[in-house]
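Presented below are the structures under discussion, each in the form of structure tokens.
One chain, subunit A, appears in both complexes that follow, with subunit B as partner in the first and subunit C in the second.
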Partner chain A sequence: MQLGRMKSKTLMALSASAVALPGVLVSTSAISDTPPTAKVISYRASSYKEDSLASEALLAGSPERYDIEIHQLRYSSPIGEKYSISLDSSYESMSGASPWYTVKSANGNTKVAMSGASIYEKRRDVTASVQRYYDRGNVGASFTISDENDYRSNSASVDGSFTLANDSTTLSLGIAHSDDDINPTDAALFNRIPSANKSTTSAFFSVTQILNQFSIIQTGVSSTRAGGYLTDPYKLSDHRPEERNQFTWTTSWRRYFREQRSAFHANYRFYDDDFGVRSHTIDFALHKSFSRSITLVPNVRYYQQQAADFFTPATDFARTMEFNSSDYRLSKYDALSAGLKFNVQLGDYTLVLSGERYRTSGSSNPAMIDFTRLSAGIDYTF
Partner chain B sequence: MTLPLDFYELDFQAMGTACSISIYAESSDGARKKCEPAVTDVARLEAKYSRYLSDSFLSRINLAAEQGRSIEVDDETALLLDYAQTCHAESKGMFDITSGLLRRAWNFQPEGQTAVPDAASLDTLLERVGWQKLDWHAPKLAFTIPGMELDFGGIVKEYAADRAATLLRDQGVAHALVNLGGDICVAGPQADDRPWRVAISDPSSPTQELRIVEVSQGALASSGSYARCIEIEGIRYGHLLNPLTGFPVKGTLAATVVADQCIVAGSLATIALLNEAGAARFLKDAGLPFLIISSDGDIDDRL
Partner chain C sequence: MHLNLRICLLLSALAVMTACQFVPAYQRGDLARPEMAFDADPLGSKLNQHIYFSKEASTGGNGVAAGGCGCN
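== the complex of A and B ==
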């Protein structure tokens, strides 16, 4: 006898309404491998806007930084009783200027030269995935193509998860690989590399443990090895190693509060790589349901990073070191972000609104970004 | 040191039916102590939602219903009304907590009546039946017409079983079974991790067991129209009434459903019977294990 391998819309509606009642549990076997039972079409429109560069930090070029408009469309559907598929596509249009190089000015401050003209770029990507469900687990595979005028990436991944006989421990693992072709624009004009390749392979393993009916803990490690041209072709005198090995360890804890109809999520992530970058991230989110159909999710995240070994605040034109980069993303910095997400369900439709504000501090690079992201979307389940 | 666990059974009477909690505990006293919050909660829900107790909250709601007034309800009642609304929507109007009024036209006592009710008397009752005639905006429940009546049958006993199992878990119990008159919810398997064995009785001879179902998680509930029925001019009428016609439903005698929650199992079993000949189709679509017995005795066993 098996419990609900395929959940109908009726059953989902009744279960959702039932578990809102105090003392009615979601499931006594909290991990169940049920394929999605309804088709879902989702659309999201997001605006990502970086703050302008402070005028005192600007050496040349435009202070206007990236504005990105993102449109995402997703379709997912069960296929028979044991499979599901999903298709994701996104379209991004990007405009603004990006940091080109940095110099130390006469008074010792670092100033940034931005790329002269405003860049206008488009990126499209599409991902197709398929998932097969078993009584105690699932396996999945996906393939992604991402295309920009100067960058093309193909990637594939397989993953799986398995729940042990105790019904409370789930093991997950996966591998992914991507091959990227880089063809910088105006290569001859700016003495950029005309074309280059890079490839990335990663693997992860995680364990999820149900501690009791109210809390779940998950911990996992992942390892990534990138090889090839890892330098930013659009920055002047940027030279990075041709290999990067990255390691992450993540732990997350979720606690459900029945009477308050809320769930608290806490996550920690440790990151370390052989560029010398090491970071810690902690974030907290509270999922609070106000009625059957309204959920509010405030969250806050703190990020702290130490600089890469070869980071130089001012661009090293003389190339005194074999490797050097003034890329602000490789500098030491802290970042704090706070966001709010609002979900409202109206029949078969779910409306999602979210906003996030991200601020950095502590960097020796004035090109460090602050940004605001706003997103609105709708899901239709049928 | 943990003591070995022994099996205890606590029997009690509540919600008009025989109830029991089967539990593995270290001692008889320990078992009783661990069961206490669950038993108290069943009694609490009976006192709050019984339509036979004049001081129950349901009776206060029904006073407002009788007078066509509105009433403000507490959170728990609001969520039960939300649940009833979901059942009404998902059953396309067949599961209706306002349909209890129709019982006034039928007497299901043995030899209770010899003729079916006339259309005129059913019509006057049907005018006051229908969830859509309520104006439900939590926490305010407004009765737009006087003379209606609510009844949480098919919801509250199952909800009580779910809560009782949760309250046992809250006491640290990992091996118990709650049985409220056939509405069953377990808090873990038996002490040796074997599933509980639940007997489903044969509607034609209720002391006879038809089938044993093994349950180690979740819940099981049954709905049947065989327990109380009358025969009029050779036709058997069960006590479950169609809120659209006012007549007892036909076609299916009993349904048993296994689900994660007893309240879901119970309402799906009831909606299945209300679907008459479409009971099996409905439960197949719902995607849960079930067993149904049709009125001509055919058994569709998908447990």
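== the complex of A and C ==
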């Protein structure tokens, strides 16, 4: 009986759901999904910087894109032997200009009008989560508030996992709901909608399976239904449907190579929605340990998406289609990113340094962004 | 994506899983390593997913997610 419980808990530790939904903050750490034995405080400071818009593509406004400074704080702790809690918060301050509309120039090239003045904005979010552990599973709940001067989101979720009697398979499922209020700035000045709301409801199911002594796989599906005001109020002549149904299928594989002291991660996601967007995402990472205290993690990610059915390279001012948007994020494009992370453990402290470079190609919209992210942080375990 | 294709993909994945071998608890040490977790860095993943969510048309299917925001 004791052995069975131990096996079950080991699998539970491995099989925390990797299928996420808006509003869900599912613990996926091998350590934290069993009742944790230690408290951990983590802090990260990050800088996100988008490349400037090419001068030949600028019609009006500022070519400077977003610069964002992000601070993240996380605290997790056991509560007795059967509960754990975690608190996550982040603070972002951003400045820069964003695309307003696009036009076709006389020579056939697409040009972008950016917002004229720099935008300064802040965002705060807080997530509180609680988890209850059982011999063969766990259940959890979380609540998230995200607040900006023109946007507020409240979301909640519940999720659970159950390990089958074979002690090798874990089933996970969850649901989440989010209610968002939108209050665009300068609504009267720019003829934007003064206020609106939208809601999002999601559900997921996943299966985690131990394949052998060194590898484990997880596959899952999720379905999301968003309704309400799904248009971008800051883009000129942007009209999107008031309902969006999204589907994902994900598979993740982990393989440990003992002699090389390396863990290989491979993830794939298929995404499809009734806006007409379909995408494939694949990423790989190698967690290479050089000693007990130093770990290097190179990773590469490839993303490819099709355009939404109502995407127009140039803004459809005449509104020849009921739904239309020239938002570059709804265009067809590819993105390739590569990153590197460096972890050093010094006693109870772990120092973390990481960076990522993200580049896009293949879009008919020159507003497509490339960006660089740099992060530094520390974890304290006590 | 057609429903049949979705079902086939899921059944294929489940078929792979049935080919697994049982691993006793004392041989699960490598599987339980922190670097083998499906999300080995919750804060890093949360930030990355937030960035991808705000810059790409796809969302969901990852280990972490935050509440909605005005970025997308």
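As a working rule, the second predicted complex is superposed on the first by the 349 of 382 C-alpha atoms of A that agree within 3 Å, B and C clash if a C-alpha of one lies under 4 Å from a C-alpha of the other, contacts with A are read in each partner's own complex, and residues count from 1 in each chain.
We adopt the following convention: a residue touches a chain if its C-beta (ideal position, glycine included) is under 8 Å from a C-beta of that chain, and two chains touch if they have at least 3 such contacts.
Worth saying up front: this structure is predicted, and the values here are computed from it rather than measured.
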Touching partner for A:Q345 - first (subunit B), second (subunit C), both, neither: neither
First, second, both or neither for A:V221, with subunit B first and subunit C second: second
First (subunit B), second (subunit C), both or neither touched by A:D150: second
First (subunit B), second (subunit C), both or neither touched by A:R269: second
Touched partner set for A:S77, first subunit B, second subunit C, both or neither: neither
Partner chain(s) touched by A:Q209 [first = subunit B, second = subunit C, both, neither]: second
Touching partner for A:S289 - first (subunit B), second (subunit C), both, neither: second
Subunit B versus subunit C, judged by how many residues of subunit A each one touches: C
Overlap of subunit C and subunit B interfaces on subunit A (superposed complexes): 3, 6-7, 10-11, 13-29, 167, 213
Subunit C residues within the subunit A interface of the complex: 1, 6, 9-10, 13-14, 16-17, 19-25, 27-28, 30-49, 51-52, 55-72
Subunit C partner contacts - residues on subunit A that touch it in the complex: 3, 6-7, 10-11, 13-32, 42, 44, 46, 48, 70, 72, 74, 88, 90, 123, 125, 127, 144-146, 148, 150-151, 153-155, 166-169, 178, 180, 182, 198, 200, 202, 207, 209-222, 224, 246-252, 254, 256, 258, 263, 269-273, 275, 277-279, 281, 287, 289, 295, 303, 305, 308, 329-330, 335, 341, 352, 354, 356, 358, 369, 371, 373, 375, 377
Contact footprint of subunit B on subunit A as seen in their complex: 1-8, 10-11, 13-29, 37, 167, 213, 291-292
Residues of subunit B that touch subunit A when the two form their complex: 41, 75-76, 79-80, 82-83, 85-87, 89-90, 138, 159, 162-163, 165-167, 169, 186-188, 213-214, 217-218, 258-261, 263-264, 267-268, 285-289, 303
